[in-house]
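Okay, so chain A shows up in both of these, paired with chain B first and chain C after.
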Partner chain A sequence: MQYSYFLMVFLVIVGIPLFMILISKGARFVINRKRNVSDSIYECGEPSIESSWKQIPVSYFKIALIFILFDIEIVFIFPWILSLGNSSELSYLSFITFIIILFIGWIYAYKKGYLKWEM
Partner chain B sequence: MIMNVLTFLLPEIILVILSFALLANSIVNYKRKIMANKTMILVGIIASGFFILKTPEGFYLNSTFENTSSTKIIKLLLIFGSLLSLSLISNSKTDQLKKYLDEYSFLLIVSLVGGMLVVSSREFFGLIISVELLSIPLYLISGMGLDPSKSIEAATKLFFFGTLSTVFLIFSAVLFYSLSGSTYFVDINWALDDYIIILASIFLLATISFKCALYPFHFWVSDTYEAAPINMLPFLSTIPKISIIAFLLFFFDGLVAELLNKKIIFIVGFLSVISIFFGSLLVIKQNNLLRLLAYSGIPHAGIMLIGIIVPSSISLDFIILYFTFYIFANVGLYVCLNCLPTVIENFNLDKLNGLYERNPFLALSISCFLLSLAGAPLFGGFWGKFNIALISYKAYGVFLPSAILLSVLISFYYYLKIIRAIFNHKQFNQVENIDFSMINKIIITICVFITIILGINPAILQILT
Partner chain C sequence: MFIEFLSFSKPIFQSITTLILIVAYLVWLERKIAARMQSRIGPYLVGKPHGWLQPLADALKLMSKDDSKPSSSDSLLFNFGPIWVMVVSLSAFALLPFYFDNPMINASLSLMLFIAISSLIIVGIFVSGWSSSNKYSLISVMRSVAQIISYEIPLVISLLIPCILIGSLSFGDIIESQKNIWFIFSPGLGQISFVIFFISALAEGNRIPFDLSEAESELVSGYTTEYSGIKFALFYLAEYVHLFGISVLGSIIFFGGPHGPFITSNLIIVIKSLVFFTFIVFVRWSFFRIRIDQLLRFNWSKLIPISFVVLLIACLTKYFSEFN
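Moving on, here comes the complex of A and B:
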């Protein structure tokens, strides 16, 4: 008991000053050198064309958000399928409800035109 | 089994179905869309409020949630407050609000469901999910304001810090689990003399104080109130605060009833006293009306927190009285402000100058709500603050009541500052008309009526129980 408590105190005593030093003084320890090749996007002999700091169309983010929604759905469906053999009707119904809720969200996104590439 | 759960959860299920119906309403186009929105909200929320009275009492969903007579009353209050704020939304003037009417109502109703679940949650997993359900729609709402750059800044702040506060909640749940080996609140052994339990309570209180905007965690509140659309403020300022403090009342019930761990009680008391004191000091300097009202919620939350550390067998009625007056005074106040011409930038106090000569009814009702919030006699706020001061005096002596008295004194200063601006003889400095529709009039009348009735005879709440 005492030992675990000591670990927590240790974490606080070491962690907080370390964090503050890294945040405040971190920039000083970076070696300031001129960067040419090592700074480019693709440093393998091929000369790069543009910098990596450019704007990405917002459509990527929208599609990514909707992708995450269904990704999480798969994460939830998979263990449910594995335990389908010994599940009760409550688990069945609650899972159907979960899928219906996501489906409504998908219909909303589709009807509002968020799945189109151009907005 | 399923039917049993359904009978307990019926009000929440009705609200969820209502929210999906609103979402469906938003993707179809027809003539009477706004009318359908209003009707659905009215019918759905009244039905849900009706079924709250009918739900049985006891534990459900593996004792994760519990219905008692007091949770029913608090849920009823939450529903009534949201009904008033939702009717304000469906009555909005600006085009943006009209365009996204269904989405706004959807978000508010989802948040309301979260608040209702927070009140009755008795286990950490249920609590975490309900708190998230309560707060995620609020992040979205605060980003939907009229001034995009401001409201996106406010929403980003609220989102990042809100997520961080949820991390603290989960960490405190882990610490409580490491002590008791169970995620249920009943199994927490408050009498344990260990620093871990104090640490866990501090983490929990950090989350709570972020969500209720208690003193050291209040930074988001002014930006969010200023940036969020004014129609959302009645909801934003009451429902999360009240549901989370009501949860805390049931969470600390076992601890406070037998004074098992004095250190934790001291921490809660300390938190409430500093939020009363520094919260009041913060308000004094404000000249922007919305920021002033935002900061003035901090001492109120502090006073509610004092009610928690008094045994709930004594304090429950008085806290419910405080909730009631707070909901109605706040909702009424923001409805009145919504009737004024839209101000996008800097809602300073001098924008209210000469309101009394322009519209006496509006001016008098605003002063009524402000006096009630300040705690003047003859209004509901007096009995709310007085009773909590009284029970805290009986339990812990003279220190906590004197803190409340100090906050009342300071609050008279800053609330009377607004009233002085209203009754100022200068010309009302806006050319636009005051939008004073029937629904707004009805809501204001209801709120004034309840505020004064509570001031004359607060025992009228006993009818509910």
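Moving on, here comes the complex of A and C:
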């Protein structure tokens, strides 16, 4: 399957301009196009105060940091599964050790309270 | 070489074009089921038997709507968000052995590629919410990112459990190994990993017990608040494409794919995933919405340790089946 992975790149490269054309031409169907108050943020409600690009609670970033740790662990599982065809006892042993070490890391984060949600 | 490439990719483009049609009718199906569950009729007037032209009417209406954009928004990213979401969710579908004989199923890493591509949707969602310079959208996307990246871990682990037992990551091998018995019926591991998969699939698809990013009562409409017209239609369609992709994935990994009770056909995948989708719709219209802290705490303190234990058990099962 020499084209398998190239095809995904091809789909994205073809798809993005296609939908760009759809969006830009879609505006041509609009008959009565007025530009007034509808350009403001959340036009049907209260006028918004100050910019919306402000600080965000730090809890989101903590979650993201712990996610990166666990996501890298998942990335390590994929090649292990691919090599299962000709594997020895050592490969299973090292995988189980790897998971257990990671689980200890989870216990540490849990005891420290990083997984709790606090504002 | 170009001709060869065209003949290779033809079934994939065919299945993507059919997919858009199927997804348009999924919206109609969901509205019908929702109406029945609430003792209403649902879409009825457009198209005589049961409003079957409703998706077309909706599409035409959304295309003729005014295309408004907040003046303080980031124009480039604002337009890029819906395109990215739609392109990514459609191209993830090229990997699924769905409806036509898809040549991609024999790619040795097709499951990994599917997971990798379908998790890129969050980039488009974040970009669109952030660039629309609306506080509701910003809160919505922050919640959405936290939710989707958290639930990705149990989702991937539950998908990897059958792969560990089979020893391969390609959809072709996974389907082939379920010829006699579906993975959902394998004792213990099958059921637990399916429950983990179902819960985290609901969270990945932003469906109701977990649809924090579109909580109407607090965040108006979430990251689609500032969008209108064709861009909103792209978001709406992409959500259903993603959801249908998840149901096709579930029916391939856990319910045997094209292997039916009596016959083996590609149509059976479509039927199974429609049943799966109907089940997701039932869940949507019978549950309540939970809070963001409950959502994340449930994931990090319950779902992830459980999925780790199941992963260890699967590894030990494979070990004993191979060396004893």
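Some notes on this structure:
Keep in mind that, in the parts below, the second predicted complex is superposed on the first by the 66 of 119 C-alpha atoms of A that agree within 3 Å, B and C clash if a C-alpha of one lies under 4 Å from a C-alpha of the other, contacts with A are read in each partner's own complex, and residues count from 1 in each chain.
As a working rule, a contact is a pair of C-beta atoms (placed from the backbone, for glycine too) under 8 Å apart; a residue touches a chain by one contact, two chains touch by 3 or more.
Remember, it's a predicted structure, so these values are computed and weren't measured experimentally.
In the superposition on chain A, A:99 contacts chain C only, with no contact to chain B.
More residues of chain A are touched by C (comparison of chain B with chain C).
Of the two partner chains, chain B and chain C are each touched by A:5. Once the two complexes are overlaid on the shared chain, A:89 sits against chain B and chain C alike. When the two complexes are overlaid on their common chain A, residue A:21 makes contact with neither chain B nor chain C. Of the two partner chains placed by the overlay, neither chain B nor chain C lies in contact with A:65. By the document's definition of touching, of the two partners only chain B reaches A:112; chain C does not.
Chain A uses residues 1, 5, 8, 89 to touch chain B in one structure and chain C in the other. Residues of chain A touching chain C in their complex: 1, 3-5, 7-8, 10-12, 15-16, 19-20, 22-23, 26-27, 29-31, 33-34, 38-43, 48, 51-54, 56-57, 60, 63-64, 66-67, 70-71, 74, 77-78, 81-82, 84-85, 87, 89, 92, 95-96, 99-100, 102-103, 106, 110, 115-117. Those residues of chain A whose C-beta lies close enough to touch chain B in the complex are 1, 5, 8, 88-90, 93, 101, 104, 107-108, 111-112. Taken in their complex, chain C has these residues touching chain A: 4-5, 8-9, 12, 63-73, 79, 82-84, 86-88, 90-91, 94-95, 103-104, 106-110, 112-113, 117, 130, 132-138, 142, 145-146, 149-150, 152-153, 156-157, 160, 163-164, 167-169, 220, 225-226, 229-231, 234, 292-293, 296-297, 300-301, 304-305, 308, 311-312, 315-316, 318-319, 322-323.
Touching chain A in their complex are the following residues of chain B: 1-2, 5, 20, 23-24, 26-27, 194-196, 199.
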